[in-house]
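Each of the next two complexes has chain A plus one other chain: chain B in the first, chain C in the second.
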Partner chain A sequence: MQKKAFSFFHNNRASLIVLFALVLLPFIVGLFEGASPIVVWENQGGISKFVEGLGIEIFILALYALSYDLIFGVTGLLSFGHAMFFAVGAYLTGIALKSFALSLPAVIGLVFLAAILQALLFGLVLPRVKGITFALVTLGMASMFHIIVTSSELGNYTGADVGLQGVMVPSFINPANERLRFYFVALVVLILIYLLYQRFVNSPTGRVCVAIRENEGRAKMLGYNTFAFKLAALMLSSFAAALAGVLHALYQPIVSPNVADLSFTVTALLIVLIGGVGTLSGALIGAFVYRLLDFGLRRYIGENASFITGTIYVAFVLFIPYGMVGTWRLKSFRVAQGWRRLLAAFKT
Partner chain B sequence: MNHDIIVETINLSKQFGALVAVDNVNIKVRRNSLHAIIGPNGAGKTTFFNLLSGNIEPTSGKVMFKGSDLTHQPVHRMIHHGIGRSFQITNIFPNLTVFENVRLASQALEKSNFKFWMNVSRLEKCEYRTWEVIEKVGLKERAHAPARTLPHGDQRKLELGMILAPDPEVLLLDEPTAGMAAEQVPELLALIQEIQKTGNKTVILVEHNMNVVMSVSDIITVMHLGKVLAEGTPAEIAANREVQTAYLGGLYELNV
Partner chain C sequence: MNAFFRKNLLSAATLIVILIFFIAAAQGMNSQDFVITFLRGLSVGAVTFLVASGFSLIFGLLDVLNLAHGTLFMIGAYIGWTVFVRPDTFADLLTPFALILSGFALRDMYPLLSARVRLGLRMRRILPWALIIVSVLLLGLILPRYPIAGWNLDNYAESPVTYSFMASQGTPLPPPTATFDQISPALAIGGLLLASLFGSFGLFLFDQSVQRSPRLSWRSYAGFVVLLLVGLIAFIFNSALTAFLLGLNANWLFFIAVIVATLSGAGLGALMEATLIRPLYSRPIYQLMLTIGLSAIGVQIVQAVWGRPEFVMPKPTLFNGSGASCPATSFSSWWQGNCSTILLLGGRVRTYNEIFIPLIGLLVLVAVWILLQRTRLGMIIRAGVQDREMVEALGINVRRVFTMVFALGVGLATLGGALAAPSMGLSNAMGESFLLNALIALAIGGLTSYPGAALGSLLVGLIQQFIIKYGQIGISIPFTSIVLKPTPPIVPASTVLLMVIILLIMPNGLLGKKE
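Right, the complex of A and B next:
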C-alpha cells in the first residue's frame, strides 16, 4: 500500500512539481518585490497581484482550450462554434448576477443546465453532418449566438456591441480584493477538470471516442452507437467551457461579445495545436505559451505583434506539427523535415 | 420455421440507379456451415455482403436472422444480434495498438460503456477476452505495437481477431485472404476452419481464390450478374456446366 502511494508521487513527479510551483508562485513573486507572504496573503502586493491576474487568465484559457481538445483532439470533432460554449457561460453569469442578482450557486446551476442544452443543440446536427460540414454548421450556430448577444433588442441585458459591463461579483470571490483566493479557485477548477478528462480518456467511453477519431465507420461496425459517444464528449466539453466562461465573467468583470466570436474559437484551436492535439496536457502548456507570447509581444512590440505571433504559429505547424507535448512524447523533432515542409509550400 | 437455417435472404434486391446490383437473391445459410459466395467481378457479391451486414439498405426484400427481420437495423446493432463482419480492405484503427484494436471490438458488448469515470482496464472480462483472442490469432508478441506498423498478413489476422472478440454466431468474412502472401494463406484458413468447427460458428465468406473456396466450403453459392446462378457442394459446383461457362470458364480463359 505504501509502495503504491509512493509510486503515485514518483510517476507524477513532473506534474506535482509544476503544481507546487504554481501554488507558491504568488508568494515567491512577492518576495522579489520585498513583500512578505503575509502581505501577499492579504492581497496587498503589487506585482504578485499582477502575476496572480495573469495566472488566472492563463487558467481560464487553459480550461477553455482543454474543453476544445476533448472534442477536437480526442474525439475528432472539428467544431468552429466552440466560442459559444464559453460565451454562454460568461453571458449567463453576467446577466444572472447583474440583472437578476442571483446567488453564485444558482448561477452555476443555471450554467450547467445551459451547458447541457447547448451540447444537445450541437448534438442535433451530429448524426447528419461530418467533418468540415459539422465545422460549418457549428460556426453558423455560434454566429447566430453572436448576433443575438450583440442585438440592440437585448441590449439591456447583454450590453449589445459594447458588452456586458460591471458584473456584480460576490465579495468573497471578488478578484479586486480577493485575488489570491480567486487564483486558487481557478487553479483548483482547472486541475479538477483536467483530472476528470484524464479519467475520461482512459475510461471505456473515452476509448471509444478515440476510436471514433481514428476510424468512425469501423467503430460503428464494431457495435458502437457513435452518436451517443460523440454527444457524451460534447456534453463534457460544454461543461468545462461554460465553467471557464463563468470564471471569465467573474474575473474581468465584463463580458465582451468578442468571446462569442469565431476568432476566439481559433484561439482554442491554436492553443491545442501549439500544445499537441489530443494530449490534454498540451492544452495547458499551450495556453501558458499562447498567453505569455501574446502578452510579451504586445508589451514590447505593440500593435504589429500579430505579425510575429502569426509567424511563430506557422513555424509551430511546420516544425513541430504534433505540438509541444506530442513531439516530446514521440521524441521526433526533426528540423530538416520542417524546412522541407516550408519549401513544399512554395512549390506549385 | 426451420431451425437449421440461421441466415436467410428473401427476394433481396439492391438497385443503384439503373443498375440492379443484387437481383432477387434468395439464400439460406445453414447453422454451423461454412458458406462461400463466389462469382466473377461485378457479380454483386460485395453489394450482397453489404446488405447482409447492414452497411447498406436493400431496395426491396428482407434479411432474416434466426427468424427475425434485421433488414432495417442500424449497422451498429448487428454485432449485438450476433453478426460480425470483416473487411476486404483492412479496416482497423491504425494509430492504436493491436491490443486496443481487439479490446475495442470486445468492449462493444459491455454494459458499462458509459461509465466515463472508470478506468477501462477494470473491465476484466473484456481484458481477459482480448488476450485470449490475441493469442488465438497469434499476435501476442505484437500486442503493444501500433496496428499500422504490422505487416499486411498480420493486419489480416488482427482483422480476424476483431471480428472474433465479441464472439458472434455468424461471421461475415469479406475476402479474408485478400493480399496475403501465398504461404500465409493455409495458416489463416486452418484458423478460420478451426474457429468454425470448435466454436460452432456459421461462416459466410466471399472469396476470389478458387482453391480456398473449394477446399474449405460446405456450400457454395455462385452469383452472376446479381442473381444466384447455382448453389451446392464444392463437387457439385465444379461439375456444374453453367458455372463452368459463366465463371470457371471465364477464369480459365483469362489465365490463357
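Right, the complex of A and C next:
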C-alpha cells in the first residue's frame, strides 16, 4: 500500500510539481510585491491579480487547444471550424446571462446541450467527407456561424460586429472582485478535463480513435464502427471547447466575433503544433508558450510582433520537428544519456 | 446514350441547377445591369482562378496546403506596383537581386564542391551554419549601404500613396537618386556575390538527401553567368536604364511590371520549396504551421516596406483615356481613344476591369491547359497528381518537377496580384480574402482538378457579384410583392453555403475525380 502510493507520486512528480507551483503562483508573485498571502487571498494584490489574469487566459486557451488536440491530434480529423465550438459556448453564456438572466448551472446545462448538438451537426457530414474536404465543410459551417453572429438582424442579442458586451457575471465568480477564485475554478476545470481526456485516450475507445488516425480503413476492417468513435471524440471535444467558451465569456465580460473566426481555429492549430500533435500535455505547454510569446512580443515590440511570431513558427517547424513534447519524447533518451555522460565526466 | 446520362446524372443535375440560377438571376434585371454584373463576376472569377489554379496544382502534386498563397498574391500586386510606378527603384534593385540569386544557379556544382570538403563530422555540421551566418552578416553590412532610391513611409509627400496618386494624375514625381554611402561600389558587388555563394552553398549542405552529382555541362554555369551579367549590366547602365524605363510608354511598362511580378513570384516559389517546404514532405501536417508563419511574415514585410495605407495602382494608358470620344461605342473607337469605359448593350463597362482581366484569365487558362496536356512536363505533373509513387518508380526526378510546379503556382498567384492591383487596389488584407475565395472555388470545382478550379472560380465570382447587385436593386420574389434585399454579410455566406451544399452532395467537388 505504502509502496503503491509512493510510486504514484514518483511517476507523476513532474505534473505534481507543476500543479503545486500553479496553486502557489499568485501568492508567490504577491510576495515579490511585498503583499502577504492574506492580501492576495482578499484579491487586493496588484501584480498577483495581473498574473492571475494571465494564468486564467492561458488556462482557457489550453482547454480550447486540448479539445482541438483530441479531434485533430488523437482522432486525426482536420477541422477548420473548431472556433465555432468555442464561440457557441461563449455566445450562449453571454446571451443567457445578459438577455435572459439565467443562473449559471442552467447556462452550463444549456451549453452542454448545445455542445452535443453541434457535435451532431459536424457528425452529420462525417460519413460523407474526409480529409481536407471535411476541413473545408467545417470551415464553411463555422463561417456561417460567424456570419450569423455578426449579422445586424440579431444585433440585439449578439451585438453584431462589435460583439457581446457587458455580460452579467454572477458575483461569486466575478473576475473583477473574485479573481483568485476564478483562477482556481479555471485551473480545476482544466485539470478535470485533462484527466478525463487522458483517461479517454488510454481507454479502449481512445485506442480505436488513434487507430482511426493511423489508418481508418484498417480500423473499419477490424470491425469497428469508426463513425461512432469519431462522433464520440467530437462530442467530448465540443464539450470541452464550449466550456472554454463559457469561461472566456465569464472572464472577459465581452465576447467579440473574432472568436468565431477562422483565425481562432488557426490559433488552436498552432498551439497544438507547437506543443506536439497528439500529445495532450503538448496542448497545455503549447498554450502556455503561445500566450506568453504573444503577450511578451506585443508588449515589448508592439505592432511588428507578428513578424517575429511568424519567424518563430518557421524556426519551430524546421528545428523542433514534432512540437515540444513530441520532440522531447523522441529525444529524451538521448538527452538523458548526454546528462549522464556529463555528470560522469564531473565525477571523475 | 442512356448509360452516359446515368453516369453523369449528378453533373447534369448541377448544370441544370446552375442554368436555372442564371435564368432566375436575369429576372428583374435590365440588360445593362445584367451585362455589367456578369462581366464583373467574370473579372473577380478570373483573378480568383489565377490564385486557385496555382493552389490546386501545388496541392495536387505536392500535397502541400499552401496557406501563404494569398500573401504571395498580395506580394505580386506590390511588386507590380513598384515596377510600374517606381521604375527607378526597380532598376536599383535589379543588381542586388540578380547577384544574390546567382549563387543558387550554381546548384549543380555544389555536390562536387561538397565532396571536396574533407572535414570531421562535427566540423561538417557546423560548416553550413557558419557559411549562412557569414552570408547573412555580409548582406546585413552591405544592403543598408547599397543605394536604392525608394520612398519614405514617414513623410506623406514621399509615401507610396502620393507616388501612386501623382502617377495616376499623369504627373509622376521626379524620382530621388541615391549614391553609395561609406562603401565602394566594387566592394559592395563583390560582397554581395560572396554572400550569395556562401549562403547558397550553406543551404545546399543542409540538404543531405542529394548525394550523386549530376554531370556538369555548359548549362550548369549558364544561369550563373546570365544572372551575373544581368546584375553587372544593370549596375553599369543604371542611370540609362532608369531613364529608359521612365521614358517608356506606360503600356509597355505595365507589361514589364506584370512579367517581373510573375517571374519574381516564380523565383520566390522555387526558393520557398527548395529551402522550407522540402524538409516537410515527411511530416505533412507541419507545413500548415510553416505556411501560416510565412504568411504572417509576408504581411509584415509588406507593411514594413510599402506601409499600411491602401492605394490604387494607376491603369496603363491603353485603358485610361477619357477624351471627347469616351465612353467608346465600339472596340474600334476604343482603340482610337483608349477609353477607360465602353458601352456594351447600353451598359457602361470599364475596359480594364471587366474586359482585359477576364481575357487574360482566359489566356492563362488556355496556356496552362496546353502546358498540362501537350508537354512532357505537363504529362509528368498530371501523372504525379494521380500517383506520385508510381512516377518516382519510373525513374523521373519528381523533386525537380515539385520545384517547378511550386514556382508555377506561385507565379500564377503573383501574376493575378499584379493584374488585380489596378482594378482592386493594394491593401494589406487583399491576400486573405482571395485565399478564402480560392479555397471555396476549389472546393466547389474539385480540389485537384484544373478545369474544376476554373469552373469554381467562375461560379464564386458570378455569384458574389450577382448577390451584391441584388443587394442594391432587391429581388422580387415571384407571386408576391415582397422585395428581398440581401444584406452585405450574405455575400460571403452565399458562396460558403454553396460550397457546403456541393461538398455534401458531391464530396469531390463538381469536376473532381472519385477516389
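Here is the rule we use: the second predicted complex is superposed on the first by the 331 of 348 C-alpha atoms of A that agree within 3 Å, B and C clash if a C-alpha of one lies under 4 Å from a C-alpha of the other, contacts with A are read in each partner's own complex, and residues count from 1 in each chain.
The definition used in the following text is that a contact is a pair of C-beta atoms (placed from the backbone, for glycine too) under 8 Å apart; a residue touches a chain by one contact, two chains touch by 3 or more.
These figures come from a predicted structure and were not determined experimentally.
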When chain B and chain C are modelled together on chain A, clash or fit: fit
Chain B versus chain C as contact partner of A:Ala232, first or second or both or neither: first
Chain A: partner with more touched residues, chain B or chain C: C
Touching partner for A:Glu214 - first (chain B), second (chain C), both, neither: first
Contacts of A:Pro321 with chain B and chain C, given as first, second, both or neither: second
Chain B versus chain C as contact partner of A:Leu273, first or second or both or neither: second
Chain B versus chain C as contact partner of A:Asn304, first or second or both or neither: second
Partner chain in contact with A:Tyr224 - chain B first, chain C second, else both or neither: first
Partner chain(s) touched by A:Gly46 [first = chain B, second = chain C, both, neither]: neither
Shortest span in Å between Cα atoms of chain B and of chain C, once chain A is used as the common reference: 9
Touching both chain B and chain C, residues of chain A: none
List of chain B residues in touch with chain A within their complex: 53, 55, 74-80, 85, 91-96, 100, 103-105, 107-110, 112-120, 123, 162, 166
Residues of chain A that touch chain B when the two form their complex: 196, 199-200, 202-208, 210-211, 214-215, 217-226, 228, 232, 236
Residue ranges of chain C in contact with chain A within the complex: 59, 65, 276, 279-280, 283, 285-290, 292-297, 299-301, 303-304, 436, 439-440, 443, 447, 487, 489-490, 492-493, 496-497, 499-500, 503-504, 507-508
Contact footprint of chain C on chain A as seen in their complex: 78, 125, 128-130, 132-133, 136-137, 139-141, 143-144, 147, 150-153, 262, 266, 269-270, 273-274, 277, 304, 306-307, 309-314, 316-318, 321-322
